[in-house]
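Order of writing sets the labels: A, B, C and D. Residues in every chain begin at 1.
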Amino acid sequence: MSDFFRNLDRRWIFLVMGLSVAIPMLMGVVFPEEPSQEVLDVFNAVEDLEDGSNILMAYDYDPASKGELEPMAAAFVRHCAEKTHKLYFITLWPAAIPMLQKNIEILNREYPEYTYGEHYVNLGFRPGNEGVIKVVVTDLKKLYGNDVAGTDLNELPMTANLKNIQGMDLIVNVSAGTPGTKEWVQYAGTPFDIKMVAGVTGVGYTPLVPYVPAQLTGVLGAIKAAAEYEEAVLQNYPELRKNPATQEGLRRMGPQLVAHMLIITLIIIGNIIFFMDRKRGVA
Amino acid sequence: MKNSTIIWLVLLVVGGGYLMFRTGSGSMGRAYVRHETFDAKASFEEQIQKLDNEEQKDIADGKKLPEAKSAARERLEARLPDLEGITWTKVKSAERGELTTDAGQPDPAVVFSWSRTIGLWIAALGTFAIMSFLWGDNVFYKLAEAVVVGASAAYAMVVGFWTGIIQNLFGKLIPSVMRDTVLPGLPSSQHTEWIYIIPLVLSVLMLWRLAPVGGWISRWPLAFFIGATAGIRLVAYLDADFVQQIANTIMPLIVFDNKQGLLIGKSIGNIVIVIGVLTCLIYFFFSFEHTGAVGSAARVGIFFLMITFGAGFGFTVMGRIALISDRFNFLFYDWLWLPLPGIDA
Amino acid sequence: MKRTVPLVIAAVTGFILIASYFIPYAQSWGEEAMIWFDILAAIAFVLGGGNLLKMHLQKISNRRAGWGFSIVTISAFLITLFIGLSKMGVNPAEKFPEWSWSGDYLQEGGGFKWMYDFIYLPLAATMFSLLAFYIASAAFRAFRAKNTEALILLGTAFIVLFGRTYAGIYVSQPIIDGLASITGAEVESLMSLRLDRITSTITQVFILAGNRAITIGIALGIVSLSLKVLMGVDRSYLGSEE
Amino acid sequence: MTDRVSWTVALLAIAVAVVGLSERPAMAQATLDNKSEAKAESPPVEEAETEPKPGNPPQPPSDVTAIDRPDDAGTGIIVKWSLSPDDVAKVDEGQTRKVIRYEILRQVDGQDDFTLAGEANFQKSSFNDLKCDPNSSYIYQVVAVENEDSKSTPAAAATEVSPVMQWWDTRRTWFLVILLMVCGAVIQFIRLARAGRSLKVRKIAGLEAVNEAVGRATEMGRSCLFIPGILDINDMQTVAGITVLSRVAGLAAEYGASLEVPTSRSLVMTTARETVQAAYLGAGRPDAYNEDNIYYLTDEQFGYVAGVTGTMVRDKPAACFYMGAFFAESLILAETGNSIGAIQVAGTAMPSQLPFFVAACDYTLIGEEFFAASAYLSGEEHQLGSLKGQDVGKMIGVTLVVVGCLVASLASLSGGDNALHDVVSFLTDNVLGDKGFLP
């Protein structure tokens, strides 16, 4: 038995891994979630704002990480829309332009009362990484003379009198790496104390913890936090449950769980072999 | 080794057969688009109408008319003549759910798209090709690798060209030319910023490497930017990551609240944090060998680091799993049209 | 000459930018410099792309192993480049119908968007998703409790893996209830032992401490490296006198 | 020579600082009870014309003051006011807010009409107008707004203000002190080492491994692979990676091992070529240098990974070095390297990637160690000085934390607010914060 595992071809592991995600997905297993305190901190940051507040939606993620971040990005959009906040979409990642479009389509589809230029605007992408943050935080129109469609920002009601993003009541940053949350904290949130929440990939989560709560009101870590956030939104706006798209994160937790268990099992087996070998003095 | 190969083969054969069957029955792997005709003149007249209505309202309210609006209106009107007969079809991707109208009739605006169907299949096969690397290096992976390297290099170049060079360089240096050609939306307030000669010159120096002689001149722009990087990062990191983090670490080790008295949980938490930060910092000291008191402190520090890494590992696993879920979502839902519980097709 | 001038350039630029941090009028210079860098980087693609072409053309002409794939790479490169730069299939921006070039290069329905959606996106995302498989095999082969450190690392990983799914609650809730019934304490008071709560504690206390120390260390490392570069103590990036 | 340059520039910076300190933001301030004067003083604005409206507009705010915004380049003015009496903190059930927002109007250089400068939500009593010009003067008015048809009479600040440009950001004075302490320490120790003082620093396992790895690659007659991260040269980690590369290249040249460096940025490729060439020259093997071994793949993260992993499984390098800024690809690289049985040494300052390198690589340089690597490997005594400097920095940090925490604890024990609390806030807000040099 142990020999079988010892010389196990890793392709078997790959196969099992694949199945452990595919099967729960096809069966649509969904587990209950209860929003943890960290998630509620983020939720309340959006919830407690007066309706119609200005929110900068800084979405810095690309196709490669959309699987992890799309659910929370969408949850943020829906929550803000429920609160009738004014949304300013912006990104530092060229690859994120289609991601912005995707989130804006949610508004068009589910919140027809949201009109462009009055309730939301898509500023799109400008190159320059954190340089862009440093500029827009003091002088938005220096880099963003016009929106993604080429409209002069002075002709849009939302942006006509907007000098820079210090006018924002909250920055919502969904980030998959650099430039991302850390840069927004360093160059916008902290120096100009603008309230800020973030949603990041699992890998990006731990390095941000030191910034909470002083420099960052809260962080959502990966799909689990996204699922909890969805749950929190659904609890406050039950009518959303009708729309299956609002439970994307919850749906994704099924495969998560099975795969986690698999990883744990693998680590255990691996170590059992390791110790057996060590006893025998093989290793 | 041997039997695993067999298993994989079986899997592939079964999978392939299944696909052929599904495709034959035409119940998967098709993409549809929604066509909308865009008439420039019409849309402009619409906008003007909108402005007029707002103007009427303002007059009714006895408000002063904002210049911006009336100016915008004039600009639109002035352009109307040039728009005669400019029309095109807008293409939007259509979900399978949109095939029929709410009434249930097939929606005429939604049509089958060859280009996207082909694309969908390329994407699906590409996905398999990359995944085949798990089996081992093979011709499919090599092919996908060759494509992705070439395509993505070009992708980066194109993005850099339109945003970096056109928008940020030419947009600043020759705004008027850009306004007449590729960037009509450039605000008229934008005038030539001569300072942008500098990056242009630096770029030329950089490209001088390609010249037969004096390639060393390209070190100048490099030196400029490495110097700039060093300067900017030095202050940025010292401020945000040194000073700020220390400030955040200064907290009472004994949290005392007038109402509830001593808050044990919070106090312990703070103490652990402070100990952790200090011991980890000690671990990083270069001046002392890790022996004696320093050694044991450093060891505690290492434990803290390991806990951090362990948790980091845990969180990352989550993220990575989410990524295959996403790819499978694509294969199952977008390509194979399998009914996934939770999303209605 | 060939090394001194660059050193002076680096030093002057660097120290001016450091000083600019303290002068309100100059505080935006740093951003400006980074925008310039982006321009330079965009133009430097000529070097990178050129090198890519050169390498593969050589490979093809020498008929070196896998030269066929080099052909694929080059054609993928050139085709994408052409489609992107020519804005193939892109309609003008709706605000500026009379400017035929005004459309966004990533416009829905345009050729470049097609390349993006059906070639770049799926391949990149799949490449990324391989990670999950690698983690599985790494978990089996690499994560061994060789020593105390490794043991702690694994232990924490376990807790988090459990705590970040419903399994955490499912496994630990009964244990807590059991404890409560034995000790007679209220369940609420033992809740902090539930795996998902422990996970939160770990993130809020241990990870915070660890990362904070790492962050501080890195900041200092960057400070001294930057200084060494600016003062020409470490000039390895500069190449030789030749 | 450059040493001298840098010192001069540094001194200049300090000089500026001293000058700046003596300057204080000029304040032009004025208040007056509005209503009557406000009207008399400022020509009627549109709201005034539309008065009187059916229903009663909210009462105007009072005590409008406008002062120069400190620590800026003369582009900002802070407008403050006391809330309109109708602007209540909490509206009771069923009631609607009487004051929805405030409109801030400004008159530039006494031109005759007031234009909208911006808006502030209810319960807000200040507004930063950042669209100002040092050469103009401004008069401000604040209007409480219930809706488009019901606005209060404007309340105005009496005198006009012009923003003043400050030459010194007083919020960062303390930061300068800390900056000078840390940098001073680094510079000083480097000078000491130059002067021949021998400095003792501990060994770092990962660095011993570099020699060993290159050596083994040579014995096995296989190549070394060096990945300088995936960020561009405008990231310090890449720069650090390049400095390590120069040492590795030096070793490779000595042993006569072949070194391959695929980069994901054009500029990194350029820099790496300069570096490696110099290293080979330094090792006296300029002939062995082959520019084509340092090549650009693609900027896109996973395109790059696909390329590199492909090369790995085909060329089977015996030693892999990952030194720079890494993201998700870290594990793909480390795992692939693992499967081809290469010695792997990694160094990065990306906390999120460290776990995988720690688990999958033979040696890992953690954060600060990575930046210290080039100093170690250079074998130059004076470079080690910088490490001592870093230790001084850490010493400063430790001291501040210990002292701060002790005082804070005493403060929290002593309960109510007292001197101790002031000390803590001075430490966190002034010394380590941006509240200026003195409380």
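Quick note on the criterion: contacts are C-beta pairs under 8 Å (C-beta built on N, C-alpha and C of every residue); 3 or more make two chains touch, one makes a residue touch a chain.
The structure presented is a predicted model; accordingly, all values stated were derived computationally and were not measured.
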Weigh A-B against B-D on C-beta contact pairs and write down the one with more. B-D
Please name the chain that ends up farthest from chain B once chain centres are defined by their CA atoms averaged. D
Chain A to chain B, mean C-alpha position gap in Å, rounds to 12
Would you mind pulling out the distance in Å between where the CA atoms of chain B average out and where those of chain D do? 22
CA centroid of chain A to CA centroid of chain D, Å: 23
Just curious, how far off is chain D from chain C if you go by their C-alpha centres, in Å? 17
What are the residues of chain B that contact at least two other chains? 130, 133-134, 142, 144-145, 148-153, 155-156, 159-160, 163-164, 168, 183-185, 206, 209, 219, 222, 225-226, 228-230, 233-235, 237-238, 242, 244-249, 274, 277, 281, 284, 305, 308-313, 315-318, 320-321, 323-324, 326-327
Out of chain D, which residues touch more than one other chain, so two or more? 175, 179, 182-183, 234, 236, 239, 267, 270-271, 274, 296-303, 306, 328, 351-352, 354-356, 358-359, 366-368, 372, 387, 390, 393-394, 397
Spell out, as numbers or ranges, the residues of chain A touching 2 or more other chains. 10, 14, 17-18, 21, 64-67, 127-128, 138, 149-151, 203, 205-207, 210, 221-222, 224, 256, 259-260, 263
Classify the inter-chain contact topology: is it line, ring, star, complete, or other? complete
Complex contact set, residues of chain A against chain B: 9, 11-12, 14-15, 17-18, 21-22, 25-28, 30, 64-68, 70, 94, 125-128, 141, 145-146, 149-155, 160, 185-187, 190, 201-203, 205-206, 210, 214-215, 221-224, 244-245, 247, 251-252, 255-256, 259-260, 263
Interface residues, chain C side, partner chain A - complex: 28, 30-32, 34-35, 37-38, 42, 93-96, 102, 104, 106, 108, 113, 116-117, 120-121, 124-125, 127-129, 132-133, 135-137, 139-141, 143-145, 154, 157-158, 161-162, 164-167, 169, 196, 200, 203-204, 207-208, 211-212, 215
Under the definition above, what is the set of chain B residues touching chain A in their complex? 1, 4, 7-8, 11, 68, 72, 134-136, 159-160, 163-164, 167-168, 183-187, 189-190, 236, 240, 244-245, 247-248, 308, 311-312, 315-329, 332, 338, 340-344
Which chain D residues qualify as touching chain A in the complex? 116-119, 121, 128, 130-131, 231, 301-302, 325, 327-328, 339, 350-353, 434
Provide the residue numbers of chain D that touch chain C in the complex, in ascending order. 1-3, 5-6, 9-10, 12-13, 16-17, 20, 71-73, 165-169, 172, 175-176, 179, 182-183, 186-187, 190, 232, 234, 236, 239-240, 242-243, 245-247, 265-267, 269-271, 273-275, 277-279, 281-282, 292, 295-303, 305-306, 328, 331-332, 334-335, 338, 349, 351, 354-356, 358-360, 366-368, 370-372, 374-375, 378, 382-383, 386-387, 389-390, 393-394, 397
